[in-house]
Structures are given as structure tokens and as C-alpha cells.
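All chains are identified by letter, namely A, B, C and D, in their written order; residue positions are counted from 1 within each chain.
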Amino acid sequence: MQSEVPVTTQRQSPGGVSANANSLFDGREGDPAILKHLANRIRMTAMSMTNHAHLGHTGGDLSASDVLAVLYGGVLQLDPQQPNWPQRDRFLLSKGHCAAALYTALAMRGFFETALLRTFMDPLSKLNGHPDRNKLPGVEANTGPLGHGLPIAVGCAIAAKMRGETWRTFVLTGDGELQEGSNWEAAMSAQQYKLDNLIVIVDRNRLQQGDFTENTIRMEPLADKWRTFGFAVTEIDGHNTATLREVLSGAPLEVGKPTCIIANTIKGKGVSFAENQPAWHHGVPTEEQLRKAAEELEAEPVW
Amino acid sequence: MVTPPEIAAEESQPSAPTYTLGPKADCRDAFSQTLVELAGSDPRVCAVVNDSVSSTKLKGFMGKYPERFVNVGIAEQNMVGVGTGLANGGMLPFVCGASCFLTARAMEQVKVDLGYTRSNVKLCGMSSGMAYGQLGPTHHSIEDIAWTRVIPNLTVIVPADAAETEAAMRFAHATDGPMFLRISRVPVPSILPKGHVFEPGKAVLLREGHDVTLMANGVLVSRALEAANALAAMGIEARVLNMSSIKPFDEPAVLAAARGTRGIVTAEEGLRAGGLGGIVAEILATKARNAPPLRILGLPDVFAPTGTAEFLLEHFGLTAKGIVDASVELVGSKLPAR
Amino acid sequence: MVTPPEIAAEESQPSAPTYTLGPKADCRDAFSQTLVELAGSDPRVCAVVNDSVSSTKLKGFMGKYPERFVNVGIAEQNMVGVGTGLANGGMLPFVCGASCFLTARAMEQVKVDLGYTRSNVKLCGMSSGMAYGQLGPTHHSIEDIAWTRVIPNLTVIVPADAAETEAAMRFAHATDGPMFLRISRVPVPSILPKGHVFEPGKAVLLREGHDVTLMANGVLVSRALEAANALAAMGIEARVLNMSSIKPFDEPAVLAAARGTRGIVTAEEGLRAGGLGGIVAEILATKARNAPPLRILGLPDVFAPTGTAEFLLEHFGLTAKGIVDASVELVGSKLPAR
Amino acid sequence: MQSEVPVTTQRQSPGGVSANANSLFDGREGDPAILKHLANRIRMTAMSMTNHAHLGHTGGDLSASDVLAVLYGGVLQLDPQQPNWPQRDRFLLSKGHCAAALYTALAMRGFFETALLRTFMDPLSKLNGHPDRNKLPGVEANTGPLGHGLPIAVGCAIAAKMRGETWRTFVLTGDGELQEGSNWEAAMSAQQYKLDNLIVIVDRNRLQQGDFTENTIRMEPLADKWRTFGFAVTEIDGHNTATLREVLSGAPLEVGKPTCIIANTIKGKGVSFAENQPAWHHGVPTEEQLRKAAEELEAEPVW
């Protein structure tokens, strides 16, 4: 497979239906401050869901929320009315344990009722602890075991090239997750097939399940790792919605190469007691902590 | 059970074999030719390989459809993931590699990305069983059926010859959902007619008989037919069923065999535990009343010693003679004692 | 079959339960405490984890023996390979991770580096079955028994409670060869006495009875005992066997059950196909004469819906009630009709 | 595991028994020319074995022969009389398809009779198509599926550190083999545990099964990949026995880091018709070709 369809910035948008019908993302997402507030609503909702389920992955939800707000708040070409619109951009949450944040972003974009979020992990709920595309519109891949997203994303990006289509594929991975070798297999194939329609975002929060990444398995020099695997790489502040929006909209960084965006983040971002605390990987907030979080985030859950 | 038209009429009476064994062929040729044909009529069809262009016999495909041919290198996990993404992106991928590596190395991807996700991806496990012979147990896939058949949503097919390989490929192409096809490189005699159509969940009746039922798939089917000939000469009429459809499985065919014959012998190129024989045992033990005895032919709980595929099949009694012996043991010889 | 001394004398007569259910415990605690003890007396003992210090409950081990604790990060293939190398280098590694990832992600390493090589590595598949509940099918290991039991040379053990977990760990430590221990996180009542000794290939008789045999392992054993109580109240005497030793397996115990009781019910936290029920079916179908009917309780061929472990066990009828119902269906109620 | 046993050059040698009893490596291996000849005998034997079995992996046998000759011809501290001597150096052939070359080196070192080589892949032979440690003394790992050797080698190296022992672990991988992600998982853990007693040798023959590596999945910049994964790296001529001996004896390159030696080689080396020919990955020589090879290699099989 060596066909080369140039990725242009002129991409198709979903025919007919407004992309943002029923969406909480209401067209003002160009404003980084509004995006920031929407990100905080994702945070607050995800924490409320974790509190509801007594289970979840708070730290990683919070570190990824700005990326999700920026993606679903405008960067991704999607049509919630036609979740399987063939030319949609693909977003894959490889760090599937942060399903609560993804579900919230999908609901905010209008893929389903926000009320559904209240069923997180309930018996027979469509909102499993890890995303299931057979249950919910908008979910692209059933993730949960780490290291599955990037290989699938590579397949999506190759498919777009094969079909001569210009949609892009975004995949969000954890940083600890990159210890899985499957990612490096996928990275090598992405560069070989010159997948400049593939954008990997690494949620570089420097923590994994049990400890800091560098205490567990050192990931640095992470940007150089990706470069030697053939990616165009940039490192940005993963909580700066303006930068995120600019870089994600503008990707690829380089024609003919897959893009890797290392989003430097803080695990537990925005909630003082959770920030940078290993235990908040899967910490569950109490009612009290929820109130504190709402204050600090200046946000209410979207449900 | 699929009853081919030619023998439907005479189904109930023991008969001379309707299927005779034709010239031997490597099923990989039928596999690759069919894939090229499917790609010709369906632009979604594409192939994914792991540095296995020649062992999957896909040089022709690669030459004809280079833009729909993906070689991910030596990386089976990625291979299955890429297949999943291709399906998500609207393509129809056939993911092809040595069965030993495809199943074992990518087991979690097969479970999650295919089975759980229900991706429309076709896995083609090449050179399965002990086909790699002397290359040894690392290259054998004697557990692949036991492993894949317990993955929900995954269809599992073990074609018996070139015609059925083609039929299974066409079925895989026409039917939505994840599938595992197990394709040998051990040359096997042709059995089924050109144009044979694969029906999921249906045993293919190859020969009628009421003394013993022989159930086999893959490389063992022709051997079961040979065994049936030899048994006939001894006065034992064997029903021969090709159990190519491992999942879904033809439960009624097993129950019919339990009612209509005095013993069942299964034969497969894999472990005795958990495979074809295991499925038949589960059905007999849970659903049959007064089931006749079952003999499961396959590998005991060991890795194979060094030897060619042919040698190893012989070594483990996976031969016409092995099937005959097991049958006689079960239902006794009808020949007058000398 | 291991007959505990207390009930050996009365084995042949149906009796009140000898084993009563004690307080619930998480088997992971017995696992980690035993590992610390073993490490104290044997400098070869070491642990390998995949960023799973807390879910394997190995914080204590790590604190006490940091120099014998290896965290390879999120990398299950490497984890099993590293275990193999440690064994080659004279250490005695316990390789511990969530069973779903350990088995599926490292299946080829388990087959080749452990089974084929016969490395002295102990795999501890933690939080197995559906223990991860709402985290969903990606985190369930409902196929791990079907998968691992077809790997030659691999011993497979599913302890029923804390005492047996400790016993299995001690056995694993004392016995050369590759092993897979399946350790749940679902709290289970204590059943076996402190100091219980694990015997490979032996069913543990927990209760005698001649109407129906209940065979269970892991989380299902206490439920089988509860079922036996309920059945006794209905006039049905159940033999209860703890089939913790999946491989080697106690074939004579199955044949004795086939001769001595009128039905067999198996119950396991996994798929109906290929697991404990599958093994029993294979034995019955191939070795038993006039076997009584078998009912296999487990997951049908599906991935679980969303729900807690407890909810899912209930959902799939893996409860005392489910076992009672299946038993009554098989052997009928002895209670007078109302 | 953070214990740090320094790797010194003063290593134990096997007690009592001469390491080279029954060995074709007879003590003159310091001489690079003699090593070269021994390497060519490995080549010639491996080709004869492939011819005998009508099956084998000629190209990779030939590219790896100099490395094997240098390792078994003196670098590895081994005792063929005590193949399980606990303090032996470990050598793992991760590219297990080149078993013929390994078997020959083991026989030459005296682990078993050279006559056994004539049974390569025969029915019930101890010489399987891929090495089996339960059948043959001297084999450390059952390899064949690519990407298994390095993880096992990491375990060996950690074991040595845990036990406070100074033996070293060497592992030879293919270059195509490095497309397997398991290698990169292992590499990350090797740097984390500061395994300066681990030496990875990459047989960089630039070919894999079907094609050149760079046409399949580009591996360059390969040395930099290893560097970003925390290894001390050097690139050498993998056919220069003097260099090989020097670098392999002297490893680690850097205290506190695992070593990666990229041995630039030619697949099919030494046999004109096989050199650099993709088809000779598993080409089987005819009698005629064997004669030609013997002439070019100026060597006879050792059996």
C-alpha cells in the first residue's frame, strides 16, 4: 500500500445535517476560555460519574479533559445524527479506562442524551467501565486493554488513504500505556505508510497506575523515541485549549509523516487534592470532595 | 446437516462413497486465487500480512492490488489492530499470517478488537496445525481451535479441501462479522465439487452409514473418507461428516449420529482437548440420551517431536488407519473371525 | 480424590456437610501473604508485575523484598519473558497480573516460554473471571481456563478459598514446572481448613451424596456447598467436589460420579465451552459407560453486559439457586408434590 | 529491583573442568583469521544441514556465523561438561530460525558430538528446526517465534543482578525481528534496571523474510532508536572477527546501561549466489551449490 493521498486542510463536512444539533458545544468553541469551561464541565461530570459508580479513573479523566473538549468542541468533523457517516474523523480513546470523560464529551456533542451519563456502570448500562461501540453511538473502538488504540488507528488511517478520503484519525494514548510494545509496532507501520492523516496525542501526565512513569519504566526522552520511529513530533501544554486547538486543527505537522503531539498534562488536573497524586489514578471522590471539585473547577456536571 | 443433492435420496441407506478423492492441492492456492477474485469485484477487499507474502501465497494479490495490500512487518498484534481499523474505515480486510503466530501472539486483539467489537475482519490462519512439521512446536498451531472457538462472536471455519477453502472465503466475504479461517499447507485430495457453497453451522454429509460416525475437518477429512472405504471392506458402514464449521456448530448432526450410529470418532489436526472432539463431547454429555461411545483422535497433551507434517500425522495416529482402528475398537469388526 | 480425614470414614453415606462456610476473604491476601512467607525462606522467590502493585496486593512484598521485585511496566509479553529468564538464571519467579491481560496478551509467551520450554515459572492470574465486573469484558477472563488448559506441560489451578490459595502457592513453590494459578478478587467464604495441602490431580470431596454430583471451582465452590444444603432440604443428597486442579485433572472422580450419582452439574466462573464443564464432558463422553446427564453452568457464548461481579454471577445463574435448579432438573425433586 | 552489582571484567570461570574439552575451538581463537575460518566452517556446516533437511534458513545462518564463532570461540564463559553451570554466560539466539548455525557452534564448542548435526530436522531428532533446550545441552531458550529472546534475556540479566553474580547475558536478534513490539517492551525494562550485564547484538543484514527491511518496515535510524530506549550503542562490521571479539569481550559499553551492538552484516555472507538475495532467506542449497559454497568459503562441514 503506497498510494499517497495528500491531506489537505479542505476537508468534507457532513452533508445536510448540522454537525452540532443538540450539542452543548454551541459554536463558540473558537474561544479558548469557553473551551476551558467546557473542559471543566467534562471534569466535573466525569468525577460525578465516578462517584456514582464508586469506580472509575479520575486522574486520567481530568488530565485528558482539555484534549477531549478541544477535539469534540470543533476539531473533529462529526455528525451526531449520522454517527457512522463514512467520512467522519475518527477519534479513538486508547486509554479506554478514561471512558467517563469520553462519554461526557460524546453526550455534550449530541451523540446521546446527557441523562444517560447517570447510568455509568449501572447494571446493564450502555455505559460500561470501558467504551463499547456496540452500545453507544460515537464510540469508535472497544478499548480498555492498553496498547490497542494505535494499531487500530493506523488501520483507520490506511483505510482513508486506500479510499482516497481526507478524514483524519486521532488517537489519545496514556504515557504509561506506551510501555506496551504494540504501540511501537504500530508506530513503525505508520511511518512506513506515510500516514500524515494520523495524529497521536500522548497524555503525558507522568503517572501510571502505581507510580510515576519515570519511577516505573522511564519514558524519557519520549519525543525523541517518536522521532526515531518516524513521527513529526511537537510538545505542548495539554491544558492550554488555545494551543491544543491550533495544533490539532493544523495537523499534520509534516506532510508525509504521522504526527505525534505530546500533551504535557497533570494527572488530576484542576482538582487540588487529586493533582499529581498516584492514588487518584482510580480514586473515587466522596460527596464532600465533589463539592470541593465543583468549586475549584467552577463547573457543574452536564447531566 | 447439508445433504448434497446427489446423495439426498439415498441418505438413509448405507452406500458406496459419493465423494471420491481427487488430486491433491495446497489449499493456500484456492485461498489466494479467491482473494484476488473477491478483490476484483469488491473494492473494499484488502489484505494484511506480517512479512508473510510468500507463505500466504499473496504475491499475486500484491502485484495486482498493491494499493490494497498492507504488510505491517513482523508484528502480529499490530496486524490484527490494523485489520480492525481498516474495517472501521469501511474496508474489508483479510488478515493473513501463520496460524501459530496470528492466534497466539494476537490473542487479545482477536478477543477484544474482533470478538468483542464484532469487527468485520477475516483472519486467515495459514499453515495451521502441524503443517510446519520439522520447524517444530513453536510453529505448530495445535491449540488454535480450542482457543478461538471460545471467543464469543467469532465464526471459526476449518475447510477440508481447495473447493471448500474457496467456499469459505466467499462466505467470509459475503457475511458480516469476525471470522477465523484455518488454512493448511499440507496438500489434501479434492473432495467437494467445484462451486461448493459453505453453510455455517452445517456438517457436510460425505458418506452415509449406520455403524459408526466419523467426524473430521481440515486435513483429516480425506483420511476419514479413506477410513470409511477400508471399514466398508470390513463390513462396517461409516457415516462421514465434514465438520468444517466449528462455530457455529451443527449440534443436530451430533445428536443424529448419537441416535443413528453405534459410535462416534472425531479426528482433527490439533489437541484432543478443547477442539472438535471437545465440542462433540460437550454436546453428547449434555444433550444426548444414551449416547454411544466417543473416541477423540488428535494430539495427546504434548508438543510434537521433530518430523515432517506427514510424519507427525502418522506419529499421532491421525491417519486412515488410526481412524479405522478407533472405529473397530468402538463398534467391533463385522468380519467373521478367521 | 482427596478425602479429608474427618469424613473418610463416612464417605459412602450421605451426610451433613462437613465443611461449613466461614467468613469471607479476598484470596489475594492469602496469595500475597504466602508469597512474602515463601520469599522469607527461599531466596530464589521473586515477583514480576505489570504496573499492578496494588491490584496484585504486592505492596508488602515490594516493601520487604525490593531487590526481588520486578515491575516491568505495562508490558505483559515482556513480563512473561522476564519470568522465563529469571527462571533460567536460577530464580523462582511468580509472575502476577490481571488474568485477562496475562493470559491473552502473553499467550504465545505462555505457550512457548513456559509450556514448551517447561520453565519453572508460576503465573498468577489475578482478579480472574468476571471479578472486574463493571470494567467490562475487556477486563474479564472468561476464557482463561479453556485457553491455558490446552497448553501442554502447564499445570492449571483454580483455588476455592484463601486456605486453598495458600496451599496452591506452596505447591507451586515446591514443585518444578510452569503453572497457572487463577486467583479471584471476589470475596469468598472460607471452606478448607487452615493448613490444607494441595494435591495435584485430586478433586477435594467436600460433601458426600449419591443423587447428584456438583463439581465446581474457584468462586463457585462455596455456592455449590450452599446449593447442596438447599438440595438436602429438598431430599436430594449432593456430592460436592472442589475441582481446583484443572490440570492435571481427577478423571477417576468424574468416573466415580458417573457411576455413583444420577447426574453431574459443573459450575465455573467462565464460558461453558472448553473449561471445567468441557473437561468433564470429554471424560464422560469418551470414558464412561451409561453416563448420567451433565449440566454445565457458566457463561453461554457471549461477553457479559455491564454490572458488578456479583450482579453478573447472578445474571448468568452462577449462584446456589442456579446450581439447585440445574440439579433438580437433572435428578428430579424428591419432595412430595404439594 | 534496584540492586546494583557492578559488572567487572573479572568474571568467574567454570571450576575444575577445562572449558574447552572436546572443543573445535582450540585456544587459538584470539587469532581473528582462525576465528574467520571457524566462522566459515559454521557456514559450511549450516548449509550442509539445510541441504540435508531440505529446509532451513541459509541467509540468516550465514550472516550470523561470525558473531557465533566469536562468542563460542572464547567470549562466552561456558563449560560444555556442565552445561547448566549456574554462573555460565547466557547466549540466546532470538532469531531461532538460524538454529543450524547455533547447533554447529554448540557442537564445535563441545556441547555434543558433531555427528549429531547430521540429524538436523530428521524424524525424532534432537535437532529441531528451532532450538529446544529440553533436547540439547547448551541451548538456553526455545526460540522460533520472533521477539521472545530479548525479554527472556532481560530476565536472565536481572537474575544475575539479584544473585550478585557477574555472568553476562548475550542475545542475538534479527533486524526484521525488531518490528515485534515485545523487543521494545524489553528494551525499556532493561534500561530501567540498568542492565549493564546485558548485551544485545542485532544482526543488521537489512533483509527480512520477504524483502529488504527498509522496503517492508523501515528500521532506520536504528541506532538512535536504541539510544532513545536507553541503551549504549555501537555499530560495527559484523563480519570482522577482530572487532567483534574486542567489542563483545569489552561489553558493557557503559556502566549502568544495557549495551546494543548493531552488527552490520550481509545476509548470505560468504556465498556469492546467496549474498543479499531475499530468496535465500530460506533457500535450500543443491549439491552443486554446496560445492560452490565450499570453494568460496574454503571450508568443510565440521561433521
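As a working rule, contacts are C-beta pairs under 8 Å (C-beta built on N, C-alpha and C of every residue); 3 or more make two chains touch, one makes a residue touch a chain.
The chain lineup, named per UniProt: A, D = Transketolase; B, C = Transketolase subunit B.
All of these numbers come straight from a predicted model, not from anything done at the bench.
A.B. asks: Compared with subunit B (Transketolase subunit B), which chain's mean CA position is the farthest off?
C.D. replies: Max centre-to-centre separation from subunit B (Transketolase subunit B) belongs to A.
A.B. asks: What's the distance between the Cα centroids of subunit B (Transketolase subunit B) and subunit D (Transketolase), rounded to whole Å?
C.D. replies: 38
A.B. asks: How many angstrom lie between the centres of subunit B (Transketolase subunit B) and subunit C (Transketolase subunit B), each centre taken as the mean Cα position?
C.D. replies: Spacing between the chain centres: roughly 31 Å.
A.B. asks: Using mean C-alpha positions as chain centres, tell me how far subunit A (Transketolase) is from subunit D (Transketolase) in Å, no decimals.
C.D. replies: 43
A.B. asks: Two-or-more-chain contact residues of subunit D (Transketolase), please, as numbers and ranges.
C.D. replies: Where subunit D (Transketolase) meets two or more other chains at a single residue, that happens at 132, 142, 144-145, 147, 179-182, 185, 188-189, 192, 216-217.
A.B. asks: Please set out, as single numbers or ranges, the residues of subunit B (Transketolase subunit B) touching at least two other chains.
C.D. replies: 72-73, 75, 77-78, 101, 104-105, 108, 112, 116, 137-138
A.B. asks: Please classify the inter-chain touch graph. Allowed labels: line, ring, star, complete, other.
C.D. replies: Drawn as a graph, the chains make a fully connected set, so complete.
A.B. asks: Spell out the residues on subunit B (Transketolase subunit B) that touch subunit D (Transketolase) in their complex, using ranges where they run on.
C.D. replies: On the subunit B (Transketolase subunit B) side, the touching residues are 51-55, 71-75, 77-78, 100-101, 104-105, 132-139, 305-308, 311.
A.B. asks: If we count contacts the way the header does, which residues on subunit A (Transketolase) are in touch with subunit D (Transketolase) in the complex?
C.D. replies: 179-185, 188-189, 191-192, 216-219, 221, 224-225, 227-230
A.B. asks: Can you name the residues of subunit C (Transketolase subunit B) that touch subunit B (Transketolase subunit B) in the complex?
C.D. replies: 101, 103-105, 107-108, 111-112, 115-116, 137-138, 143, 146-147, 149-153, 271-274, 277-282, 284-286, 289-291, 293-296, 301-303
A.B. asks: Going by the contact rule set out above, which residues of subunit D (Transketolase) touch subunit B (Transketolase subunit B) in the complex?
C.D. replies: Per the touch definition, subunit D (Transketolase) meets subunit B (Transketolase subunit B) at residues 53, 55, 96, 121-130, 132, 142-147, 176-177, 179-181, 208-211, 216-217.
A.B. asks: Touching subunit C (Transketolase subunit B) in the complex: which residues of subunit D (Transketolase)?
C.D. replies: 1-3, 86, 90, 132-134, 140-142, 144-145, 147-148, 150-160, 162-163, 169, 181-182, 185-186, 188-189, 192-193
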